[in-house]
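Paired with chain B in one complex and with chain C in the other, chain A is shared by the two complexes that follow.
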Partner chain A sequence: MNTHNAYRQGFPLATALTALVLFMLVAGSARAELLIRITEGADSAIPIAVVPFAESGAMPAGDKVSSIVQANLTMSGEFRPLEPSRMLSLPAQRSEVYFRDWRMLGQRYVLVGQLNRSGDRIEARYELFDVNREQRILGETAGASVNSVRTLAHHISDRVYEAITGDPGVFSTKLAYITLNRTGNDTRYRLQVSDLDGKRARVRLESQEPILSPAWSPDGKQLAYVSFETGKPVVFTHELATGERKKAADFPGLNSAPAWSPDGKSLLLTLSKDGNAEIYRLDIASGNLTRLTNHWAIDTEGAWDHTGKGIFFTSDRSGGPQIYHMERLGAEPKRITFGSRYNARARPDAKGEYVYYVHQRNRAFHIARINLKSGEESVITRTESDESPSVSPNGRMLIYATQRNGTSVLTVVSANGGAAYSLPAADGDVREPAWGPIVR
Partner chain B sequence: MSVALHLLIMGVALAGWSWTSPVSEPEPTLISARLVSPEPRPSPVVDEQDQRDLEQERRQQQERERQQEEAERRRREEQARLEAERQAQAASQAQAKQREEEQKRQEARARERAEQQSREQEAARQRAEAEAKERERQRAEEERRRQEEAQRKAEAEQRRQEERRKQEEAERKRQEEVARQEAERKRQEAERRLREQQLEALADESQRTREAEARRQQEAAAARARDAQMLSESEKYQSLIRERLSQAWYPPSSATEDMTARIQITLLPTGELVSARLVSTSGNTAFDNSALGAVRSLSRYPVSSDRNTFERYFRQFTIEFNPQRLR
Partner chain C sequence: MKFSVQSKAFAMLLSVGLVAGCSSTGDTMEDGTYGSDVAAIDQEGGSTVYGGMDGEGVSSSDLSDDQRQAAQQEAEQVALRNITVFYFDFDTSEIKQEARDVLIAHARFLADNPRQNVRLEGHTDERGTKEYNLALGERRASAIQRFLIVNGASRGQLETVSYGEEKPAVHGSSESAWAQNRRVELVFQ
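For the complex of A and B:
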């Protein structure tokens, strides 16, 4: 009976031991599941093969659609398209794609397509494949008139970019900039609007007097700029479709640095009508002015932050020009740049992550950006004499003006500074670029 | 029975009858009759007058007168005769009376005798009846007694049978109880044996568990030593895989530092990828795809050639993509 009791007590003990052992085995096997963390990606751009599109029917002369797409992706700094001469085959549809070949070439994505001319229209059928996953991630048909092959190519570029990166593409957006030509005694300032790659540029305004600071309205239909055509700086708004111009600000003294509000109803302006340069908000419909800054120092170059409720601006109230942020109109401005004695012309991105600005270091001017969350400032251009930064609507690219061989040129860089792409040189100086909005 | 009863009753009646017959009939007493009544008187005559017509009446009158004479004469004769007759009649009447009385006496005697006889018969009958009744009663009594006796016997018999039945029942129960106790004993015995077996089994099990535990502990110690070696081996290849994947991963521009995707992969011992499965999404399709693309881009994973290390760490594992430094 004693032994019986002893075993009675021993039995749960044995059970508990068994359970413990089982638990240890389970825990052991769970512990054996390895986890490898990847916290850094490749520093290089994504390899993609843009296969020249098959063509059926007469195509217009000039750049091929696939060439434009390839150039666009290259310009973004995020892609590294494969030279077509290195391609093993030129598939035009899925059945012709051999993933093994593309994987051997180290490609991540393959874009194939075919163009069909139908009257004065061109139809593009294109497909984008993920080489490693062997999956089609995009397939579409798009069409455009024979004269708008570039529009079609930019559209395809946008779709490819978005399918791979998850961000909207900006290849269909427009640029506005000012060119300066001097021929003898004749000086010509021209306000021009072109594709992002500088193609299809059109002069919107020509003047012998300086034109400065073009700014896009949020809907992409108007520009505001400063023109000296009347002998003094005056802010105009300019309807692109009709060419209709209006004087938005013609106050005594300085009228400069226009910036559209996100709702398109008002402009930020720098006016000196009250003594020194201050920032005002102009309600376009009513013409009412609201003064936003009031300081003995110069306050200028206002820009709306991503919330549409606060502004960044440049002020030399600390002795040299620095960037300030006024989180709410009328609130006390806070200085955000400290890295050097000169930081000016703030251009915030649309996500509220970074602000780009002109930054002087060692007598050279670069474009830098500050991470608003961490306060970390980093220089992203390697060129000197850089000015007029303008951020792409998706925040991934930046265009700015810089000097090359004694003339001013425009350069596009990826927002992290990883790649640089200079726009084809136009005659003379090109400066004051303004990146247009995405127009859906 | 009834026949016998009737014969019995008849016999009894005859006996009774024979018992009464010896009664001697009394001698008829002599009657001395004597005429004590006065002279007999003539009895009133009743004229019978007929309805007749008148001439007849006259003739009849004459007739009647003649007749009256005649009648007178006759009446006197008659009277005389009557007187004689009366006298004779008186005598005869006396005689008759005497005879009658004698007869009456005889009759009375006879009647008396008959009555006597009847009474005797009645008595005999009553006696017989009484006797019959008595016999009947006795018989009934006897019958009752017999029945009672029979009943008593039957009851006694019943009691006896009951008793026997009870005894048998008791016996049966006793035997059943014995059998039950035997079965119970056997059951307990079997139980006891089973328990003992179980206890033995438990003891064995416990012993085996202890031994197994000891063995496991030894093995665990050995395994820990092996694990340490495997871990360093594993870490070497983990680092190689991390490096290769970092080079192969192109985080999309939409990636943010708080995005994390986890992919579980299965490898062959040769390092070839068998399967890659997204087990935790970053919420961003481009990001997930970039991670999947990176995982699938390696044609061969650097894995340990040590089979145990491979099975333990690299047969199946999870890769987490989480950009700490964005370009």
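For the complex of A and C:
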């Protein structure tokens, strides 16, 4: 397959798409999967006992629901689940929970549950207890098909997380990222979507030319990205369910840095059709373009702020790349980063508290964040070739790309930098993570 | 760096320039008079070689000097045009001093050959963000484009594309790799 040639020779889009789809089927999904490695835990993590769920009826092979929940909570960096081998009893419901035992084990919360199979569905009943207060704080049922045990486990993880922290869980959200494999002269870029733990990865687009900057639509149904498959950067939108793709921007020069508006109706884009890199807003339905920046410097990497009315962007109008905030579209931009000569690619959290970005210090590139109220800038990663920060929808975790042993891997950290786990590709580089939205 | 623009240009000038200078003027020369003879011809101003052909002494000698000079200049231009990769410092799109003569040679050639098109491919090193680098690669390509236009090429001949950090010339994370990757490549089409 060669999408590049297909386009150049003027084949209709449909032919090229067929070629793509065929290739996607061929691509092995196991090879596409990321591995998970927990590298450090936070000291402040909350002790919780996730008791292996009781089971009635045949359960599908593979990871157990309670094991996935336990792994999820560990991954968040905010919990320290108890090893099941250390548990004194394995309760499955309220009447079997002896709070004294769990207090003795130093646990603050206990999750118990049972799974029942009926036909090709699995029903889960689960309860969460506060050990100190000896109270049940959650008691629910949820069901899924036998093929979707992971979906069920992620849902339970989200409910537990929210019951304890007050913030919505993000374990059901998806990650989009780009993998890159070089074998001899053959280079393969693959746009993939997976669960947060790298499982259930699927290749959505494969090309011999670069694919960049995946961005989620707010409903989680589409991705926008930059693809060089026609020989130059073009922004596409891609409907995940159908695989249908549309060219969103194919102007002379740069077409890059797509970012969806919170209402899903428009895209921020960086275009250079009027001379140099400027940020525009594209109304998707009408195709109308509104130019938002006007400066001889590079203006790029637009991102909507939490109000959905203003944008952050990168500009080198001061001499090097710095982050600017335009409070209302068309307003005079204000520079917000001052800590070093290179600060770029702002990613604000959904609450308007912090903006995360790439920050150069002493020749190394880290992820830093700025507290928008105090203006305090702090470096939150210890790795040194860090790129592409993407904040979780609940603002409590951050994923970014970094180098390890000459290979690009993804790393997830808690937003204050405390805990971390990494997601290396089984093979090759993985980069440009984009954290998907919470889909209700 | 594999080679510097300066040193390569100089070497090309010496070799290609002199040889080409002979071959285009030395109509009466037989094959095999190149090589070490080239230096001798050069030193003596060409009169001994061309003398037999020209009937009128001084003026004809002047003419052949002019021809030779023109041919040599042409050869120099050809040699300069062998250089098609231009390097930049980190986070800049400033054309280096040593690249100017080479770019002027390219611009003249494009002016003389209006049907020749060139694709200017801008690149950056791997440091910094991908999207900023995409814009930076384009700014580098645009800087070269402007320079070529100012020196005679027409806009219609020049297409720019930026690959940002996606297509390094050299893989790796060393100063040397980075220096070779911050570049604009002229691809004649």
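Here is the rule we use: the second predicted complex is superposed on the first by the 395 of 440 C-alpha atoms of A that agree within 3 Å, B and C clash if a C-alpha of one lies under 4 Å from a C-alpha of the other, contacts with A are read in each partner's own complex, and residues count from 1 in each chain.
Simple rule for what comes next: a contact is a pair of C-beta atoms (placed from the backbone, for glycine too) under 8 Å apart; a residue touches a chain by one contact, two chains touch by 3 or more.
Bear in mind the structure is a predicted one, so any value in this text is a computation, not a measurement.
Contacts of A:439 after superposition on the shared chain: neither chain B nor chain C is touched.
Of the two partner chains placed by the overlay, only chain C lies in contact with A:270; chain B stays clear of it. By the touch criterion defined above, A:130 reaches chain B but does not reach chain C.
In the superposition on chain A, A:344 contacts chain C only, with no contact to chain B. Within the superposed three-chain model, A:108 lies in touch with chain B and out of touch with chain C [touch as defined at top].
In the superposition on chain A, contact is made by A:396 with chain B only, not with chain C. In the complex of the two chains, the chain A residues touching chain B come out as 3-4, 7, 10-11, 14, 17-18, 21, 32-43, 45-46, 78, 103, 108, 130-133, 137, 163-167, 394, 396, 414, 416, 418. The part of chain A that touches chain C in the complex is made up of residues 210, 212-213, 226, 228, 231-233, 253-254, 256-257, 270, 272, 276-277, 298, 300-301, 314, 316, 320-321, 342, 344-345, 358, 360, 365, 385, 387-388, 403, 406, 432.
Touching chain A in their complex are the following residues of chain C: 91, 126-132, 134-136, 138-139, 142, 160-164, 166-167, 172-173.
On chain B, the positions that touch chain A within their shared complex are 195, 199, 202-203, 205-206, 209, 213, 216, 234, 238, 241-242, 245-255, 284-287, 289-297, 299, 312-314, 316-327.
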